[in-house]
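Pasting the structures in now, so scroll down.
In what comes next, subunit A is part of two complexes: it sits with subunit B in the first one and with subunit C in the second one.
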Partner chain A sequence: MTRYFIKRLLGGLFTIWITTIAVTLLIHLVPGDPVQIMYAQSQSTTPEQIEQIRRNLGLDRPIYEQYIMYMGRVLQGDFGTTIRGNQPVLDLLLVRLPNTLLLAVTSLIITMVVGVTAGFFAAYKRGTWIDTTLMTGAIVGISVPSFWLGLMLISIFSVRLGWFPVSGTNLNNLVLPALTLGLANAASVSRLTRSSMLDVLSQDYMRTARAKGLAETLVLSRHAFRNGMINVVNMLGLQFTYMMGGAIVVENVFAWNGIGRLAIQSIFQRDYPTIQGFILIFATVVVIVSIVLDLLYAWIDPRITYN
Partner chain B sequence: MFWQFKLTKRTAQRQRRSLLGVALTAILVSACGNNQQTTTTTSPSPGTTATEGGTLIWARYGDADSLDPHRTTTTLSWQIFDQIYDTLLAFNDSGEIVPNLAREWQVSDDGTEVTFVLNEGMTCHDGTPFDANDVKYTADRAIDSQNPSVTRGAWGPIEAVDVVDPQTVRFRFQSPFAAFVSFMADPFASMICDSNQELGDQFGVSQAVGTGPWQLVSWTRGDEIVLDKNPDYVRYGRPVQNEGAAYLDRLVVRQIPEAQTRLAGLQTGEVQLIVNPPLDDLDAIRGNSNLELHVAENTGQNFFFEFTVSRPPFNDIRARQAVAYAIDIDAALRVAFDEGLVERERCPISRGVFGNDQEFCGQYSYEHNPDRARQLLAEMGYSANRPMEVILMTSTGDNRERMVQVFQSQLAQVGINAKIETMDIGTLNARVKQENERTSGISTFDMMDWAWFDPDILYQLWHSPGAYSGYQSPELDKLLERTRTTVDATQRREAVNDVMEYLLSNAVHIPLYTPGSLWVYATRSQVQGFKIGPFNRPVFNDVRLQ
Partner chain C sequence: MARLLDVQNLKTRFFTQNGVVHAVNDVSFHVNAQETVGIVGESGSGKSITMLSAMRLIPSPPGKIVGGEVMFQGRDLLKLSVREMRSLRGNRLSMIFQDPMTSLNPVLRVEKQMTEAIQLHLGMARSEAKARAVELLEQVGIPGARDRIRNYPHQFSGGMRQRVMIAMGLACNPDLLIADEPTTALDVTIHAQIVEIVKQLKEERGMAVIWITHDLSLLAGLADRILVMYAGQIVEQAPLHALYHHPRHPYTIGLLQSILRLDEQRQEHLKSIDGLPPSLVNYPQGCPFAPRCEFAIAKCHSEDPPLEPVGVNHQVACWVKPEGADILQASQSATA
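Now for the complex of A and B:
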């Protein structure tokens, strides 16, 4: 178990390292230079001055040199400052990270509660109108873009009914973005739960459990649900990554002050230190979550052991 | 200077629709941009009068990059500088330069010295006095090559800044710099207090000390900037009526990136002012008696065509002129924008900027003339079987995609096949420069926009090597240099005219329209006294909430 954990940890670090290299290469592939963009439109600075600022920022060096210098600083905990406005990058990210995590976790809870419940009942009532209705809903849920769903929710619950604020980063405003993100993902979870449950419900041990006279609720909760959930929990890690990614769109719609929104803005401004910092933090969170979930997986299903 | 500034204020039509049932389709239609309006109201009962105090929330699509005026030049940033700091001079409503922190100024005959005499008894937000030392501190910091200042070029060839006495400060230049005096009225030249030096890295991040009408309380980056009124504010030159401190207690500048969400926030009354509402939903604002639309004019913004001249066909003046004759700008504007939002612009520098003269530019501008365009193309050997193939690029947003689509169809009518490429402004800037440095491939032209408060913009764009390494000529350089070194207003106007004539008759810079970028605002009707000064500067000194 410990060996497995260490192996996973090293694998995780390797993943993060590869990600930083890929991102550094990719952002330099996009045309446009941060200093030039900063000066574009409504600015008067000579090309020599722009060149000097690029030199000050180290942007005139080869990419690999910039990368090594950057990683050297990061290992000492220095994420640098934004090119635009000279703000400390780590501060910018850490102030926002809890907001994104809060949104992602709340959405994940909504996804699990709604998705698993719907999938479970659809499987249990297989072939009935309940099954059909729930699965039709799931198809709609998968097809609706979260951008549109978000605006719909604002239109109904904020503008018409006045129940929730339109924007802002506080608990009051958490409901609508979390619903937007949660419902879209609940749709796919419900389909997975349904097929997994159908599998389990047709197993011999289900018939045995019923044959020995176990109450239906016990049959379902002890034998069907727990076994059916293994696949779903396995998918949790993937779901969480979706949540973090999907948060970028939802954060924009609801003006939720998370790191995704910062990332988009930085990409448009080619603010390399911010983009790199974002990816580093993002990759770290995803790696940690997936390790934790793997350990959780073994705990739920004792048949699984790591060695 | 003779331009006129007026603020178009469209009082919303009073019109309400009762909503019978909330069918899903109806909601769908409304949120997708139709004019279905909501009747949620938080407005006060009629007859209430404006009072002092209170908080106004201003929602914008993005955040400031920094509160340090030497660190960034984005509109989102300088519109905040404009609240926290003040400038030595100011633009009045008719765009003339008037005294502000400086009660008088004098330019030496040879144009190499500018002396300012400051008002007495001015204080910074932290209570320290504001005097000539603060001016010197600001200028030295802005032009210090050790400091990564982004406004250095705009200050001109400063040799030294001398404090003559606490109320008098003198700028000495290596050579005359005509754009300096107007720069002193621009937020990029915001005066910062020398006590900021003690703040170190925190200046512009968590703290900012100025003399402006609003003082910084807190800045939650990406979320909101909270400003309180400066109770000691004295108006010297700002284009407002209120002579003292602002009427409001607090001004909160909030970030709401999505336009539909901003509009929803205005509709619910969660925010009282938004910039850049969705342009397709302006009827929802006009049709709502609780909301008012404000359109800024004389912003100094100029949308124009420029061409890649490093290769055929646009290295030939006839190809550039053919494009200029082929397009029908007025028709395109009617398709792309609601009436009254933008105006056709005939000069390379826009309305509101010194030297803009529609009549003068009209003599050299290109009116819609498809026959002339076809004739020029025929001379170059193009025909119906052999159309001219080019790429038309522009940046995304503010209905620019729609503009270029109309242009595309107009160009097709004379035999120019233009492929459209739209991209974010950062990419476009890089791309235009790249295209100018390439000597092969399909040629490009682009719809670009720049904003500046002085005709010096033309120098920045077109003096070799130019902003994008585009069209260059020694003759044009000479004309441009004269606009920089000529200090006398009448002579400078002539110099600017010469440049505009050159750019137009050589079809280098084809002006299209103004303003066109982040110039539409909407308020709750309860907001009284909101004003957008020249060059797109929202001012809140006169604002009261009803």
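Now for the complex of A and C:
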């Protein structure tokens, strides 16, 4: 168990390292650089001055040198400062990370509650109008892009009904973005839950449970549910990654002040240290979540052992 | 002797996309208290569905019991409310299943799977129920039951899992235990052990047992009476000795001829019954066995024979009723 855990941690570190290389290469492939973008509007800056600033930032050096210097600093806990505004990147990210996590976790809860409930009932009522309605809803949910759903929710609940603020970052504002993100993912979770439950409901041990004289609710909750959840929990890791990624879009639609919104701004400004810092934090969160889910998976299915 | 279970004209159908499957057709039989009855037939003969129908455990839809009655201790099980039926299941009558690998819940400890029925039917507290479960596991011969009860099903071997199933089935001292091919999924070496355990527990507790199998030889030292099923019907029923030595239905005779015996020298191939059982969707006219039957006469193809008495507790559904004793004798001397 401990050995498995250490192996997973090392694997996770390796993943994060590869991510840093990939992102460094990618951001330098994008045309334009931060200094040019920053001074594009100002006529007074001469090309010599721009060169000078680039040199100060180390942008004139080859990519691999920039990468090694960057990683050297990161390993000492220094994520650098933003090119525009000169703020420490790590502080900027860590202030906003809880907002993104709050949004992602709330969405995940909505996903699980809505998706699992819908899938469970669709499976139990297989072939009835309940099943058909729920699964049609799921297809619609999968097909609708989250930014559109977000805009619709804003126009109905904020603009028409005035129940929630249009945008901002406090608990009151959490509802709409979390719904947007949660419902979209609930659709795919409900489909997985349904097929997984259908499989479980036809298993021999369900007949055994009924042969004992257990009430149907107990048969479903004790014998079916946990078995049906094995596949769903397995998918959760992937879902959470989607949540984090989806958060980037949704944060921008709702002006939710998370790291996703910061990332988009930095990408437009080619703010290399911020983008790199963002990816590093993002990758770390994904790796941690996937390790935690592995443990959860083993807990829910006793047949899984990590040796 | 008192009739514990009395099934009359039971009919079960499965309404599928390909048509109506006539799974159980007018099946009538009874089981006396403390009696062991074997039900024999090949796959799809309706032997399991008959007993699942009696337990009201057939998947519905598509399955439906369309007629008959199942009297158990004076009550028609088919007329009981869902709640009343539940209070009998796993309590007065219980059922154990073919494949112990898939019939136990993989994510629950054996303890939970055993105690849930005990707590439900006997109203015991958790600790009491656990003590009883440990005792039951010891009775079915699971070593170290006190520790093993904390294990999950996958931590047991196939034979041990079937013992757990049996212990579960016996948890509330049922009056009737239905064993649905409990040895089929196990190694041949384990068969005798499982049979012995059930036999012994039956003696101790004085319960009745219905043992469903496709292996006629397995019932030799076990059953008091045997029902032979074919295409959802009972084609012959007789006490063990009469059925083994004086079978009167060509299908029973065929089954007996296909048993490999250790006490004979055999040069020829084992005799098998040609052909396949009929499709239960397009149920044949006449006797369902007629197309495969070497004794069939014209009448067999047009009229379905009723079960008629041919001896003490011995009934057969056949127009011809060949003397099985002579045929078996002849085929034995031919191979010797």
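One rule holds for everything that comes next: the second predicted complex is superposed on the first by the 306 of 307 C-alpha atoms of A that agree within 3 Å, B and C clash if a C-alpha of one lies under 4 Å from a C-alpha of the other, contacts with A are read in each partner's own complex, and residues count from 1 in each chain.
Heads up, the rule we're going with is that contacts are C-beta pairs under 8 Å (C-beta built on N, C-alpha and C of every residue); 3 or more make two chains touch, one makes a residue touch a chain.
Only a predicted model underlies this, so the values are computations on that prediction, with no experimental measurement involved.
**Q** Could you classify subunit B and subunit C on subunit A, in the superposed arrangement, as clash or fit?
**A** Subunit B/subunit C on subunit A - fit side by side.
**Q** Can A:R96 be said to touch subunit B (first), subunit C (second), both, or neither?
**A** first
**Q** Name the contact category of A:L29: first (subunit B only), second (subunit C only), both, or neither.
**A** Touch partners of A:L29: none, neither subunit B nor subunit C.
**Q** See if subunit A has more residues touched by subunit B or by subunit C, and give me that chain.
**A** Of subunit B and subunit C, more residues of subunit A lie in contact with B.
**Q** Is A:L171 contacted by the first partner subunit B, the second partner subunit C, both or neither?
**A** neither
**Q** If we overlay the two complexes on their shared chain A, which of subunit B and subunit C does A:R84 touch? Say first, second, both or neither.
**A** first
**Q** In the overlaid three-chain picture, which partner chain does A:A211 touch, first (subunit B) or second (subunit C), both, or neither?
**A** second
**Q** Is A:R270 in contact with subunit B, with subunit C, with both, or with neither (first, second, both, neither)?
**A** Touch status of A:R270: first partner only.
**Q** Of the two partner chains, subunit B (first) and subunit C (second), which one does A:L75 touch, if any: first, second, both, or neither?
**A** In the superposition, A:L75 contacts neither subunit B nor subunit C.
**Q** Shortest C-alpha to C-alpha distance from subunit B to subunit C once the two structures are superposed, in angstrom?
**A** Minimum C-alpha separation, subunit B to subunit C: 38 Å.
**Q** Name the residues of subunit A shared by its contacts with subunit B and its contacts with subunit C.
**A** On subunit A, no residue contacts both subunit B in one structure and subunit C in the other.
**Q** List the residues on subunit A that touch subunit B in their complex, please.
**A** Listed in rising order, the residues of subunit A that touch subunit B are 30-33, 36-47, 49, 52-53, 56-57, 82, 84-88, 92, 95-96, 148, 151-152, 154-156, 158-160, 162, 165-169, 252-255, 257, 261-262, 265, 268-270.
**Q** In the complex formed with subunit A, which residues of subunit B make contact?
**A** Per the stated touch rule, the residues are 19, 22, 27-28, 30-31, 38, 40, 59, 62, 64-66, 68, 71-75, 77, 145, 148, 150-154, 204-205, 220-223, 254-258, 260-261, 264-265, 267-268, 270, 424-427, 429-431, 433-434, 449-452, 456-457, 459-460, 465, 467.
**Q** State the interface residues of subunit C toward subunit A in the complex, per the touch definition above.
**A** Contacts found on subunit C: 55, 57, 59, 86-91, 94-95, 97, 99, 102-108, 112, 116-117, 120-121, 152, 154, 165, 168.
**Q** What residues of subunit A sit close enough to touch subunit C in their complex?
**A** Against subunit C, the touching part of subunit A is residues 202-205, 207-215, 218, 222-223, 226-227, 230, 300-303.
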